[in-house]
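In the two complexes that follow, chain A is the common piece, with chain B as its partner first and chain C second.
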Partner chain A sequence: MLRIIDQYAFANRLRAVDPLHKAALAGMTILLCLILDRPLVGWLALAWMVTVMVWYARVPLRVVGAVIGAESVFLALSVIGIAVSVGSEPPPAALLAIPFGPLWLSATGASVQTALHVLGRALGSAAALNGLILTTPLIDLIELLRRLRAPVLLIELMALSYRALFVLLDTLDQMVTAQTARLGYASWRATMRSSALLGSRLFIVAYQRSQALEMALTARGFAGDLRVLPLSYTVDRQLWLIGVMIGGSLVVAGWWT
Partner chain B sequence: MKHRWVMIVIGAALLIVGEARPAYAMHIMEGFLPPLWALIWFAVTIPFWVIGFRQLQRMVREKPEVRLLLGFAAAFTFVLSALKLPSVTGSSSHPTGTGLGAILFGPWVMSVLGSIVLLFQALLIAHGGLTTLGANAFSMAVVGPWVAWLIWRGLVGRAPFWLVVFLAAALADLSTYVVTSLQLALAFPDPAGGILAAFAKFGAIFAVTQIPLAISEGILTVLIMHALQTNAAAELQALAIKGVRS
Partner chain C sequence: MTAVLTLEAVSYHFPGHPTPALQSVSLSISAGRRIVVLGRNGAGKSTLLLVASGIVRPQQGRVWLHGAPVDYSRSGLRRLRQHVGLVMQSPDDQLFSASVWQDMSFGPLNLGLSAEEARQAVQEAAVLCDVTDLLDRPTHALSGGQKARVALAGVLAMRPQCLLVDEVTAGLDLWARQQVVRVFDRLVVAGGTVVLATHDLVLARRWADLVVVLHEGRIVAVAPPAEVWADPALRALIAPPEAWEEP
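Moving on, here comes the complex of A and B:
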């Protein structure tokens, strides 16, 4: 999932557009979903965002679906949790009630409505966030934070971790392949042992890599600041128009329902 | 007729839970919390971020090269959470790494590093969210590490090493799960039984994925700490970790 999202973030049609615009579009949609708080707004935002991602940014629908579905476990479990309530006796106006030992599992019209309400809101705003992350690589978002004057240390830590992450993931993949080739994951016990070896070895690799980077930087006159060149972006007027359309239609949908 | 419909829904839900790996199942997703609760959890978490960040800045001022180690530490925690663990029930799940991180780097540092990891998980693998970052950071980057660290500092040297590490890691996981259930219950109280009933309800639902995970992660952290003691004693001493034999 990490590599898929990262790949499309770099390879979509909106890659060069100023991250501020894309972030503003996603932020506006999320805020409207939360503030207007109507089921229709959430579903509409989902539809808009999928359209923008597939039709305008040219990210395949399959990828968009997989990314939005990534949190289906959390969503399914917690929406069921909201819809179903547990009590010692069935509530009078239950839509359905099932006895479960001494307890009654029941769902009322109101609780199902709350659950659907939250489902719409969560899907709409998650789609907006996914729209941002599928069109904007993390380095652009870090650059955006720098422009918004976030603390320098925070930005440096994020940039360093982003760089280190792929180094460590590649190391991890190689180690897993080597372990699998030696039947390292053949049983539960072997898996635990291999995972532990993997975790501890990875820690050592991470530590040594950071030392090596430190040495390399010192050799090049590291004075305590990591400076990189700012990137340049384009302005997409059509995206502004789409943003106004999304915002307008969400507000109308919020008032109308 | 009605009952058959219920059976289908429950069956489908069980299939989703059993089939999909309970990957990061306890991250509250974007837009799930009402705005008020999202703001409240940010307000609760921000003091921890401020103090943790001040500590980091002091560390970096004293030793500028520490920032490289910190960057790799955040990446390490992120990659660790991408490991697939066999869980005791047969399916597999991902460790949170907060217990190990708190033992290695301390709870204040983890409150910032853990939050960076959560932000990366939201931005790179679409798990969690921006408006729910405050709530997720409180349960996973504040409460979890503090529980682990208090157990570690309180018990190391007094109880068997493996037991202390196991308890620290497993209870950090469990406390994260309890806090998240509480956050969900406060935001969505049960219409009949109120917050307490909702807490029991969410707790019971997520127990399916989270209790096996806590046990697996406890065992894994014990094994990792043992391996680190034999393989990386010098690195551990450089980090000045208490209770580690050289």
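Moving on, here comes the complex of A and C:
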């Protein structure tokens, strides 16, 4: 999933747009989802964000669906606790009541409504964040943090971690293939042993790579900080217009529903 | 010819290793040369490049840059890096930034160039290495050949006079290797020097004008390829007999 998100973040139509604008759009949507405490707002934000990602940024619907679907499962499991209550007898206005030994699992109209409200709010906010990460590569987000004057150490750690992540994922893939080719995962016992060896070997490889990286940085004049040129971006006026429409519609939904 | 870089009786022994990596190595690297360093694994090729680039300080002997001994202070090393660039064996060890453009700008900015000068240096190196279409790509999404050229471009953006290259062509297909060699040629035509450590005998024979043969940390020959190829004793130190049969 990480690689897929990264791939579309680089390949979508909003790739070159200033990350500050995209972050502002996502931030505004999240803020409105949190401030305007109405059920429709979250669901409307979700619909808007899916539309922007699929129709405007041209991220395939199946990718957007997979990302939001995965989050929906977690969120739905979390709100079950709000919708369902446990008691010695079912409430009189229960929509659903299931006996469970001496207890009753029940859900009322009000509890289901609250659960759906929370779910919509969380999904709307999550979709806004997805809209940002599916259209903005991490390097642009790091660049955005640099422009917002985040601590240099944090930015350098993020940049190095992001780069190292893919190098180590490739190494991990190669090691797993090499182990599989030698029946490393043919049984439960072999799987346990191979996984342990993989972990320790990966640590050593990471250490060796860090030493080689330090040498390579030194050869290019590294003097304590990773100074690089800033990236350049474009301005998308249509995105601004879409932002105004999203904000306006959410405010209307929040006040008049 | 004036020597850009001179190694004088240089020795280096990695702590914990039974034998020295380099033993009293002397070598003069002149401008405009195509130099290939040959030798078995562990012969000292990589250490030779690390010492020549100032990454590793020799325990004995001296390194000279344009006739003056290398000063290992921060300013001295900066001066060395302005003239001598090192390309590591694995591009993944060199490319630290997520974006090609930013990775290539790292060296020029460290040399003290302004943002505009660095931008120009990056563009020039990108043209030289044929990576202009890769500048806005993430480094992790490049192929092996592209990574090698970007790693090379990142060093060439510092405009070194002498380029030390550690087996960067290993693992590349013939097209990618050809592209990398073309970059070396452009650099030499512009008056630069390339020192390439490799196991590629075909490349060494066809491309180099000088071959350095290393064996157990010592230089055993510095000669044109034809002379090395004609000497059975030297050939035996570099590769087994069947490796010398041209396809």
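The rule we apply is simple: the second predicted complex is superposed on the first by the 250 of 257 C-alpha atoms of A that agree within 3 Å, B and C clash if a C-alpha of one lies under 4 Å from a C-alpha of the other, contacts with A are read in each partner's own complex, and residues count from 1 in each chain.
Keep this in mind: a contact is a pair of C-beta atoms (placed from the backbone, for glycine too) under 8 Å apart; a residue touches a chain by one contact, two chains touch by 3 or more.
Treat the numbers as computed from the prediction; the structure is a model and nothing was measured.
> So, does A:209 touch the first partner chain B, the second partner chain C, both, or neither?
Touch partners of A:209: chain B and chain C.
> Applying the touch criterion given at the start, work out whether A:10 contacts chain B, chain C, both or neither, answering first, second, both or neither.
A:10: touches chain C, not chain B.
> In the superposed arrangement, which partner chain does A:84 touch: chain B (first), chain C (second), both, or neither?
A:84 contacts chain B only, not chain C.
> Let me test your reading of the model: by the given contact rule, A:184 touches which partner, first (chain B), second (chain C), both or neither?
After superposing on A, A:184 lies clear of both chain B and chain C.
> Considering only the touch criterion stated at the top, classify A:228 as touching first (chain B), second (chain C), both, or neither.
Once the two structures are laid over each other on A, A:228 reaches chain C alone.
> In the superposed model, which partner reaches more residues of chain A, chain B or chain C?
Greater contact footprint in residues on chain A: B.
> Considering only the touch criterion stated at the top, classify A:220 as touching first (chain B), second (chain C), both, or neither.
So A:220 only meets chain C here.
> Pick one for A:19: touches chain B only (first), chain C only (second), both, or neither.
Neither partner.
> In the overlaid three-chain picture, which partner chain does A:160 touch, first (chain B) or second (chain C), both, or neither?
In the superposition, A:160 touches chain B and chain C alike.
> Of the two partner chains, chain B (first) and chain C (second), which one does A:139 touch, if any: first, second, both, or neither?
A:139: touches chain C, not chain B.
> Between chain B and chain C, which residues of chain A are contacted by each of them?
Correct list for chain A: 6, 138, 159-160, 162-163, 167, 209, 213, 217-218, 222-223.
> Which of the residues in chain C come into contact with chain A in the complex?
50, 53, 55, 74, 77-78, 81, 85-86, 88, 90, 92-99, 101-103, 105-107, 109-111, 115, 118-119, 122, 136-141, 154-155, 158
> In the complex of these two chains, what residues of chain B are touching chain A?
2-3, 6, 13, 16-17, 20, 22-32, 34-35, 38, 53, 56-57, 60, 64-65, 67-76, 78-80, 82-83, 85-86, 100, 104, 112-113, 116, 119-120, 122-127, 129-131, 184, 188, 190-193, 197-198, 200-202, 205-206, 209, 216, 219-220, 223-224, 226-228, 231-232, 235
> Which bits of chain A are touching chain B when the two form their complex?
Per the stated touch rule, the residues are 1-2, 5-6, 30, 33-35, 37, 42, 67-68, 70-78, 80-82, 84-87, 91, 96, 98, 106, 108, 110-111, 114, 118, 121-126, 128-130, 133, 138, 141, 151, 153-154, 156-165, 167-169, 172, 188, 191-193, 195-204, 206-207, 209-211, 213-214, 217-218, 222-224.
> Inside the complex, what are the residues of chain A that reach chain C?
6-7, 10, 137-139, 142, 159-160, 162-163, 166-167, 170, 209, 212-213, 215-223, 226-229, 231
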